[in-house]
Amino acid sequence: MSIPLNWYLVLAAALFSIGLYGVLSRRHAIGMLMGIELMLNAVNINLVAFWRYIDPAKITGQIFAIFVFTVAAAEVAVGLALVIAIYRNRNTVVVEEIDLLKE
Amino acid sequence: MVPVLVFAAVSLVTLGAAIAVVTNKNVLHSAYFLVLAFVGVASVYVLLEAPFIAVIQVLIYIGAIAILIIFAIMLTRRLMSKDMEQRNHQWFWSALGALVLFGVLGWLVYSANWPTVEGAVPKDPITLMGQELLTTYVIPFEIASVLLLAALVGSILIGRESDQESRSAE
Amino acid sequence: MADLINLIENWLESLILGWGASQELTLFILQAIGSVVVVIICFVIVIALIWVERKLAGRIQDRFGPNRAGPFGIFQSFADIIKIFTKEYITPEGAEKGFYNVAPVLAIASVLAIWAVFPFAVNVIGADVHVGVLYIVAVGSFGILAILMAGWSSNNRYSLLGASRSVAMLISYEIPMVVSLLVPVLLSHSMKLSDIIGAQQPWWYLIVAPLAALVFLISSMAEIGKAPFDLLEAESELVAGYHTEYSGMKFGMFYVAEFLHQYTVGALITIFFLGGWGGPMAIQWPILGFIYFHLKTFVVYLVISWIRLSLPRIRIDEMLNLNWKFLIPVSFINLVVVAIADRVMMDFDIARWIYVGIMFGLNIFILFVSLFLAGKAKPEVERETFPTRPVAVPPGTKSK
Amino acid sequence: MKEFFFNITWIIPVFPFLAFLIIILFTQGNRKLSHSLSIGSMVLSWLVGWGVVFSAIGTPHLGEHPVHKSVPWFETGTAVFEIGYWIDPLMAIALFMVPFVCLMIFIYAVGYMGFGTEEVDPNYSRFFAYIALFATGMLGLVISENLLTLFMSWEIMGLCSYLLIGFWFEKNYDDPNKITPRQAGLKAFLVTKIGDLFLVLGILYMYSQAGTLSYADTLFNHEFLTHLAQTPALPIFGGWSAASAIALLIFGGSVGKSAQFPLHVWLPDAMEGPTPVSALIHAATMVSAGVFLVARIFPLLNIVVELDHHNPTMSIIAFIGAFTALFASIIALAQNDIKGVLAYSTISQLGYMIAALGIGAYVAATFHLITHAFFKALLFMGSGSVIIGCHHEQDMMELGGLRKKMPKTFWTFLAGGLALSGFPLITAGFWSKDEILAHAWEEFMHYGTASWPFFVWLLLTIAAFLTAFYTARQISLTFLGKPRGHHAEHAHETPNTMTWPLLILAFFAITLGWVGIPEEIVGHGNNWFHAFVGHEYASTPLSIPVMLLSSGLAIGGLGLGWLVYGRKPLEAGQMDPLQKGMERIRLGWLYTAMQNRFYFDEIYAAIFINGSIKLADIFYNFDYNWVINPIVNGVGAVTRGISNIFNQFDEKIVDALVNLTGLSGVKLADLGGITDLKVVDGFVNGIADVTGWIGEKIFRPIQTGKVQNYLLILLISMLAIIGIYLVY
């Protein structure tokens, strides 16, 4: 076990920040979704790493990771359906143009 | 030494791909880089001795999510040519915020004192996981399945054309 | 002689260790050699298969098939290879170069990667991972990715349409495939391929779970996109589907991947339902297991070819209906029934042959009930019937 | 039997919740089945609820030893959160009122939403699903055993109030300034959320101190409360104790929910919802939840008073309540919408209760909470009956003369109105209101005229008079005289499903007060209400002068109202005599201000909404101008960026400051120039202009409608909070 836990955590933190940047800066709605996926992946790396280094005898970390997978799948299905619906109704996928909330 | 090298390579690939995902001007290329990032993360799981999670990662993220994303991009491609600006005007602040967040997280990681334990992984993790899922975590498990069902129904409802629309289209 | 493969392996190992390599390095080199050997075997098999396939197709369609190059045309495949190697590579204008070139590689890699976990004989296993079944399903999804890449990057509408169609089809047929794969997993209590094969030594799962085998066969035929499910490259509609724009060796790679995929499906059915390397004397003589494995695979391959050469292509709505309204419900019901029956009989501790008999009966029962119900259902779309066309009738004759 | 009811208390909110689920999922298509389910579930809740109430009444010393049960709900780390129920006198009293009033309103809604007529609402079934969910929230709040489930129920009600106020979401008006139901729903949701934010902070603070949220370990644990009162609070609260900080934060929640000044603006607009909703949510139950919450944390307030005499917590609460009571009753004087008057009267009466809690009159506040719920539900349902009977005419200036046409509605409305104005001796409102005034009087006697209780008493007394006056005005305008519009001429009595609940509630509006008649009148030990709810708190001694005074005020207010409006009924098109009178004594501007609700909506719009839009604009510009030149371009770009910054600074900030000073000066000079009549209008406009202008130059990404902007702000705020945390 030559890799310290911190490395994984920092990797996850970097992935999370990159994903966050994607969510905040992409104009394409699907680009935003991709950023969210990266963030979820980062979370999962953390979960599995904690499992491996802090409580390897139990399996809790992996089970949480599986729940995150389900959430990610649900999120992407609904998110993409929304994007397609918006595309069909408003003919745009640019997040900035989806601002009905303002009115 | 070998694991360190492998870790370094894997994390470089993952982070590089991730950066490409958020910065590439062509959304479709971003999606393929996303696949690469997913592969990288799966390799990280392998390094962490969680092959099941790694395989599930490939199965769900690449086999389902990435393909859905690519599909959706193709369906909506008419509007996003690669000449268009792909980042909004607040990108600089976003980048700054993300960097600061990374700094804070990194600082946290290094200042915390993790109670790490040396120990071997369970011999038969999959059986153990199945037992745990159906005993300790049975309620979250059921809720997750309801969530998936709800997402399924919801996305069909949202995504399908309403009868009126398709009729007017005819 | 009995254990030829391990004999060679041990000899190589001692040789490399003798040269002063460390234990780790030796292992790495041996793995690398093993991979290369498996890949080479695959390609050799494909070369043979192409000839077999064409000959068989010829016979079934009342033709000779290849008969010029060499005796019975056995060198036809080599001639093809030379032709394909010397053809010009054409990249269409506006294609996405990188993806255009990566797609065929990915297509063939996704098939080859499945071979990494196959147990060829009792002690010849590439990588005996805990999650073998999942691995197979997961790696298979790269194939879909390759098709998407090829379809998109060709900058051709036919390619894109073919790719979209194939993805819709592949994703939906993955569900019954995975669910029917769960039956062997359930019966053998393991996702390890070697355990699955070991569990079905006297009684193949083809007998214990024939319905799962049938569903798996149908859905994996759809997965490889061969007739009657070859809508993704329906010539009359889409030219050649996602690989319309490919030529030369790049096309060749798709072609090889297709053949190899069919053979791989044969291998999967062998592993999951036909007892893998099992057979008389297979444990004492592992080399026999190796032969049995390929023999069984080849038989399944021929069956698939036979089916695809006999049936016409079906419409896309029929195809999706078959999947969503028949295969998926049947496979789920089958899974549940098998699970309950297995659990109940586990408590009773009955003789193995009674267990197998009950299982077989249950499977056949489900199959017939579902076929009966499916037969009762009315077709959704009433076919439009046109009045018979007036036919020109020579004067003086009586029209019917 | 007692044990049985105490064991199944948890089931009370479950019935309506099941009804909600079934209706929303399965029976939307069947109107009859839907309302039967809804009402049926409420009947069950009511039966079980009253079973619990009467069992609780039969339990001696329930106040000292509340019955409570809980089961672990979920755990995070080492913290276990529980879910359960808590039975004490306050809960029993609220449980007496809530399911019964809800049931009456549900039955009433059948008629109001037009069941069996061709005017039946298209979303009829959904309406019943929503009100069932609402009842779930309210009942859950009443029985909950800890602050977490209380908060959860609280938020369910917030959601329902949004859904129900905006129930007619497709309605639009020709007049763009008139608020639509959709906007009203949003407004209610957002304004109460401001209060909820404080509530969350209070609950979190409590949790950080106690490590648990159950009542038994926090609010009813004397040692813990003592400890809390001796712990200094966070630095931002000055030198206060943690107890007072928590109390004030939680009180912030009730300010939002109970529509107290300054978060009262949502309630009048909430009248855009269907009338049963107004009766259910904005009169009888939901707004009472705020008061209930303050009554719930009364032990906390008590400990603050006991251990920390100089703490202003109680006086803040009392003042806000008393001010709201007066302020809302002034506005109610000039409202012409029949529901608008009642809306402001609700705010005013809630102010009474809050003020009562602020001066320590726990029993009186609880008493008024119950009586008010009954008679205000009655009044709202009466007004709904008028509205249905007059074909959706709500303007009192167009009504009139309905006494003959709608006799049942008239008499029940009269009963409610008398109870509201506190008509002496026979009405419920008299006894409860009198008890509050008596308590205030006693406090003021105790502290003297220079103290804050004096002002509280004064405000409340004036409000009592005004209440009687506007009640008389409303009844006179609506029911007396001759019809002033064609809708009123063709009015008809409403169906039995609407009038029967009115009769039942009228009965309670009169008689309910008799359970709390002071001991001095009915003999020692016969003030049942006090004995049950609050015998650990000192009872309010009867004060004859106060009773005479309040009787006089009620009768005087009613009489004056009748003199002005009833004796010589208004003709169609005639000006409101109050307006005429005020204009004669040069107070017309005050009347205009009253009619316009003292311009609170406009001021809030100018400051918060326009302001943030304008601030957003500036940020947007800033952003845009800065970010065009990415720093990546190198040193040249950096220097140019810096010069840009200075440029921007010059242009935007310095100029803005110069202009601001200039404009403020001009406005001030204008203000000086404008004399008597124009002062208020000018002042209001001036504030609006200046703040709007400041906003224009300072506040907009907050309101861009772009999700990524919101997310970025979220990130930055989170980082800022982390920064603050690190610095501390």
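Here the chain labels run A, B, C and D in written order, and each chain numbers its own residues starting at 1.
Note that a residue touches a chain if its C-beta (ideal position, glycine included) is under 8 Å from a C-beta of that chain, and two chains touch if they have at least 3 such contacts.
What you see is a predicted model; the values in this text were computed from it and never measured.
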{"item": "Innermost chain, taking as reference the mean of every protein Cα atom displayed", "value": "A"}
{"item": "Most remote chain, CA-based centroid, reference being chain C", "value": "D"}
{"item": "Contact-richer chain pair [A-D vs B-C]", "value": "B-C"}
{"item": "Intercentroid distance (Cα basis), chain C paired with chain A, Å", "value": "34"}
{"item": "Cα-centroid distance, chain A relative to chain D, in whole angstrom", "value": "40"}
{"item": "Gap in Å, rounded to a whole number, between the CA centres of chain D and chain C", "value": "68"}
{"item": "Gap in Å, rounded to a whole number, between the CA centres of chain C and chain B", "value": "29"}
{"item": "For chain B, residues contacting two or more additional chains", "value": "52, 56, 64, 88, 90-91, 94, 97-98, 101, 125"}
{"item": "For chain D, residues contacting two or more additional chains", "value": "708, 712, 715"}
{"item": "Chain A residues counted as touching two or more neighbouring chains", "value": "20, 24-25, 95-96"}
{"item": "Interchain contacts, given as pairs of chains that touch", "value": "A-B, A-D, B-C, B-D"}
{"item": "Chain A contact footprint on chain D (complex, rising order)", "value": "703-708, 711-712, 715"}
{"item": "Interfacial residue positions of chain B with respect to chain A in the complex", "value": "1, 3-4, 7, 11, 14-15, 18-19, 21-22, 27, 30-31, 34, 37-38, 41, 44-45, 47-50, 52-53, 56-57, 60-61, 64-65, 68-69, 72-73, 75-76, 79-80, 84-88, 90-91, 94-95, 97-99, 101-102, 105-106, 109-110, 114-122, 125, 128-129, 132-133, 137, 140, 144-145, 147-148, 150-152, 154-156, 158-159, 161, 165"}
{"item": "Complex contacts: residues of chain A adjacent to chain D", "value": "20, 23-25, 32, 95-96, 98-103"}
{"item": "Residues of chain C that touch chain B when the two form their complex", "value": "24, 99, 129-131, 134-135, 137-142, 144-145, 148-149, 152, 160, 164, 167, 171, 174, 191"}
{"item": "Chain B residues within the chain C interface of the complex", "value": "2, 28, 32, 35, 51-52, 55-56, 58-59, 62-64, 66-67, 70-71, 74, 124-126"}
